[in-house]
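What follows is a group of structures, each given as structure tokens.
The two complexes that follow have subunit A in common; it is paired with subunit B in the first and with subunit C in the second.
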Partner chain A sequence: MLKTLKEIIRTGDATVKYPFAPIERPKDARGKPEHDLANCMACGACAVACPPNAIQMVIDSRAQSTSWSINYGRCVYCGRCEEVCPTKAIRLSTEFELAVMDKNDLEEICMYSLQSCTECGSPFAPAKEVDYAYRILTQFVDDPDARQAAELVKVCPRCKQKRDSQRAKQNFESLGGVS
Partner chain B sequence: MSINKSDGLRIGESHVREAESRFPGVIREVRWICDDQIVLDVVPEKAPDVIEYLYYDRGGWLSVVVGNDERPINDAYAVYYVLSMEEADPCYCIVRVEVPKDPGEFYSVSPKVPAVVWGEREVQDLFGLRALGIIDNRNLVLPDDWPQGLYPLRKDTMDYRYRPEPTTDVENYEFLKDTGDRETTVIPMGPLHITSDEPGHFRLFVEGEQIIDADYRMFYVHRGMEKCAESRMNYDTVPFLAERICGICGFAHSVAYAESVEHAQGIEIPLRAQFIRSIILETERLHSHLLNLGLVCHFTGFDTGFHHMFRVREQSMDLAEMLTGARKTYGLNLIGGVRRDILAEQKVSTLKYLDRMRSEVANLVDELLSTPNFIDRTEGVGILDRKVARDYSPVGPTVRGSGFERDARWCHPFDGYKSLDRKAITAGSCDVKGRTLVRIGEFMDSLDIISELLENAPSGPVLNENWTYEPHRFAVGWTEAPRGEDVHWSMIGNNQKCYRWRAKASTYSNWPVLRYMFRGNTISDAAMIVGSLDPCYSCTERVTIVDVKKRKQQILTKQQLENYCVDRRHTPLEY
Partner chain C sequence: MILEHEVPLNLQFQPEKKVLDEGIAKAKATLLNDIKRSIYLYRVDCGGCNGCEIEIFSSITPVFDVERFGIKNTPSPRHADILVYTGAMTRSMRMPAIRAYQGAPDPKLVVSYGACGCTGGIFHDNYCVWGGTDKLFPVDVYIPGCPPSPPQTIYGFAIALGLLGQKLHHSELVEGADEHVTFRYEDIPYKMRVAFERKARLYAGYRTGLELAEEFMEVLRVEGSGSLKEVDALIARQADPRRAEVLTQLKTELNMLLNGLDETPRPLLEQASSFGV
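Now for the complex of A and B:
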């Protein structure tokens, strides 16, 4: 009994003023992921890595756009998106007070336009991603393969396949084969 | 491959040789799936004998029973009995019994080894296989109103999102009672009552205040995680789902899953990652044991102690948040290692946290043990008989409180524990007090383990990403969670998915002995005994008391029952 009383007096006030005063979180705490619209190139790495599918991308080929969305209600704050992002466009903040009155407020959506194929005209990949690839490829000035790839960067995979097969056919015929 | 130095045998080979000489021609195939895990493919009719021999004569304990629909692979089902060999030559022996798809029957091991009964009931429910001669043929996992002939884990039955309409409104589950010719009153507790995260329904058969027998029904909130992981998740995202099995010991599940895959695929984890895993596992034990110690204070009417335990517990939560970035669901594991390193400054502040907790908890424990009420209420209550314990393979402080040195950290050292030389903490009194003392001892032990691991952790990388996988290999992974051993069995498929994932939480092994622990105690001790298993206390909405003789019925609130447990005056049964 005496021990208990002494312990109570020694402890004093154990509670903190939160929520009336701010509370400190460790600097590495995992909170709300913040998406940087400008840095993001809509490559979709985060959407693939996200375990609970909180990040999703939906392609609308008629509107030639793709949506990128995150639902904070589904997010488990694991930070896989941050780990896999090649452009550091998504970072976990320490913010944790995410309660909303309306469930729809938990979702954030943004749109990215798609690149149309210069040959067949159908949209095939986010324009920013294509541009990113182009900028990387053009850095290898002396590499003929990179140069060729840079030329074809705005051609969709199907048209590239078609080109390849046509070229293979030409090669085959020039070697004396019968088609 | 590791060789047993003394006699030139591989790890676990002594068990295989003895079993082969005792049952010639019964073991069809033996293979080592990793250093210390052996698969014995046995003739189905003889499986019960082999398992009984390994269990009782070779020092085996049952870890988990796994059913698997292998029709797409080899046109048959299979049942795996995972035995943890803990006496001489420790290893895991996985007895594989192939079950032909037609008629889908196998010989039940339960008449010989009662520990397998839950596992076999689950296989019956989820795969529609029949265990011939099983000692308890009721549903375990599936609800009573589940459609006949719909077996969720068969590969060709249902989408994981399918929710069939209930087929009946009548409760048809039969509760077992072994009360002889004594006239008893039934006290149902539940369907939402004192259990781990899952609400459960208890029936106490009482004579006056005395509990003569008890039975229970679980799995009201079976979440279908295994099915979900198999159909929706990729195998490398499952650690994050595994972490959500339990709100208290999630990290232990996540490690167990990751290591089951790593063992199956032979993936080396960097040494530093192994140490970090162990450190975080022990941090988890700190907060879990403080939670249970707090609840013990609460149950014995020492609410001041309860509040102080929870106040100190907050420090262990802060410690976890500092190390992993979250109070719970640490999200730290990937297959191949961990995602965060422990930095030098974090090490320094961890040691500070440990010192503070050590002195504060020592004071509180001293207070608790000098409270006369505590000794009164826990000594000789909820006895777990050693023979019952041997038959049912319970785990964790529950079995250690009955004097068995079962602790996966020291029986099958893994991760950073390999570098430590310690022994399981036990108590011989078999009662609630013994289990509480084990937890107190383990808490103090964990503090020392964390500082020792922090000091000895080698430097280096924490994640190995340089590996490939081969489909359809399987293995078990295990950890010692605060409540006992968590065992995961997993097999990866050829489409980036888990082909089959079986997660066994520690409390799954502890429920079957609860019935025996209830017997002979009073009603006011019931909540206490359940609490000593340390299931998460999912609240009782209310309790209905039915007096069979008077045909009267009365509803008690959780508060009434709890008050009675605390002060033991004014029994709610006086009406």
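Now for the complex of A and C:
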């Protein structure tokens, strides 16, 4: 009897104090993915990688905006978004207190503006993404390909195709080809 | 905003959702306000992977012990105050789910447990999945997680019983005008930074790899000339030989990029490439 009591006192209380005191989480525990609006360029890499489609992007070309949304109720905390994010704007935190009474509270929506093409005026990509690409390309001063890409960065793919075909036609005619 | 399926809504089967009577809703609110006894819980698996069940049972172990709040797992819905639905609502499990709902006496609480219970989770676009529990029943508390850990479960039940308030709220954010993405480690050339990150992630995985690459670049930016000494000091500081090895490889990479040396033989990398990495 005394022995048992001694053992009980020695072992102490195994139960966590959690709802009444904060619980210690491991450093790499998988919790709520924290999205940083300022550093996100809406490239959509996370939306492509997300296995349960918890992260989705919807383009509204009439309003010239694109929305990035995450549904924490569907997220499986796999961290694929963190893995693919080029600007490290999303990272799994250890936050686990996500239970809600209303389903709408599980959703986070961020709006980004779209870049309009300088030639035809139609929106084609998030403005921040275009800006990021331009700033990277201008770092490579010695590279002629990068310089050309930086010049055309605000032109939509369709207009780029049109330009290419016109240039090809000019080259063909200057070589004396039959039109 | 969330697109449920590619198929138009009028071509999809829409299950009928149970609606609470006014009287029952009132009784429920009163019950929650002054509950003076233990809460009995009945668990229905509607088509999950059993991960949620494992977590529910680990939350009644001595370490987390939800029974100290009087929450007890019961084998019959007739005794239940809380119905916990785990797993996505599937066509085949609809009848057991409905019978459990009908069997539990009013007023009862319905809890959607896990990512599948909340929205259908990773199975949301499966042919036999109707979505979350809320497609059939009025849900009181959603506990997301895949699976929710025992503290998350305790938190969810605490919310259901009104002991704690909820933290997460719906948010709609708009980007600031003329906002630019900040370049990480702007003083280190872009291609060099990418090379470091790629190498570190190849050796140590995306999370630890990035952590190591950031530690390495943090040291590089401290000083201009003496930085290689700093790198050596960083490697010597590491208690874990695996971390030291990755940092050594990053140093080799740095030397290679600075001096334009040919690639020195790296057995680990060769091993990795033989596996098609």
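The rule is short, and it goes like this: the second predicted complex is superposed on the first by the 165 of 179 C-alpha atoms of A that agree within 3 Å, B and C clash if a C-alpha of one lies under 4 Å from a C-alpha of the other, contacts with A are read in each partner's own complex, and residues count from 1 in each chain.
In this section, a residue touches a chain if its C-beta (ideal position, glycine included) is under 8 Å from a C-beta of that chain, and two chains touch if they have at least 3 such contacts.
These numbers were taken from a predicted model, which means no experiment stands behind them.
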{"item": "Larger contact residue set on subunit A - subunit B or subunit C", "value": "C"}
{"item": "First (subunit B), second (subunit C), both or neither touched by A:Y77", "value": "both"}
{"item": "Partner chain(s) touched by A:P51 [first = subunit B, second = subunit C, both, neither]", "value": "both"}
{"item": "Touched partner set for A:S69, first subunit B, second subunit C, both or neither", "value": "second"}
{"item": "Touching partner for A:I8 - first (subunit B), second (subunit C), both, neither", "value": "first"}
{"item": "Which superposed partner A:D28 touches (first subunit B, second subunit C, both, neither)", "value": "both"}
{"item": "Contacts of A:K88 with subunit B and subunit C, given as first, second, both or neither", "value": "second"}
{"item": "Residues of subunit A that lie at the interface with subunit B and also at the interface with subunit C", "value": "14, 25, 28-29, 51-52, 76-77, 79, 83"}
{"item": "Residues of subunit C touching subunit A in the complex", "value": "1-3, 62-65, 68, 115, 118-122, 124-125, 132, 134, 139-146, 148-149, 151-152, 154-156, 158-159, 163-164, 166-176, 179-184, 189-190, 206-207, 210"}
{"item": "Subunit A contact footprint on subunit B (complex, rising order)", "value": "233, 237, 240-241, 244, 304-305, 308, 311, 318, 321-322, 325-326, 329, 331, 339-340, 363-364, 366-367, 370"}
{"item": "Partner subunit B, residues of subunit A touching it in the complex", "value": "3-4, 7-8, 11, 14, 25-26, 28-30, 49, 51-52, 76-80, 83, 92"}
{"item": "Subunit A residues touching subunit C - in the complex, by the definition given at the top", "value": "14-16, 18-19, 23, 25, 28-29, 32, 37-41, 51-53, 56, 58, 67, 69, 71-77, 79, 82-83, 87-89, 96-113, 128, 131-132, 135-136, 139"}
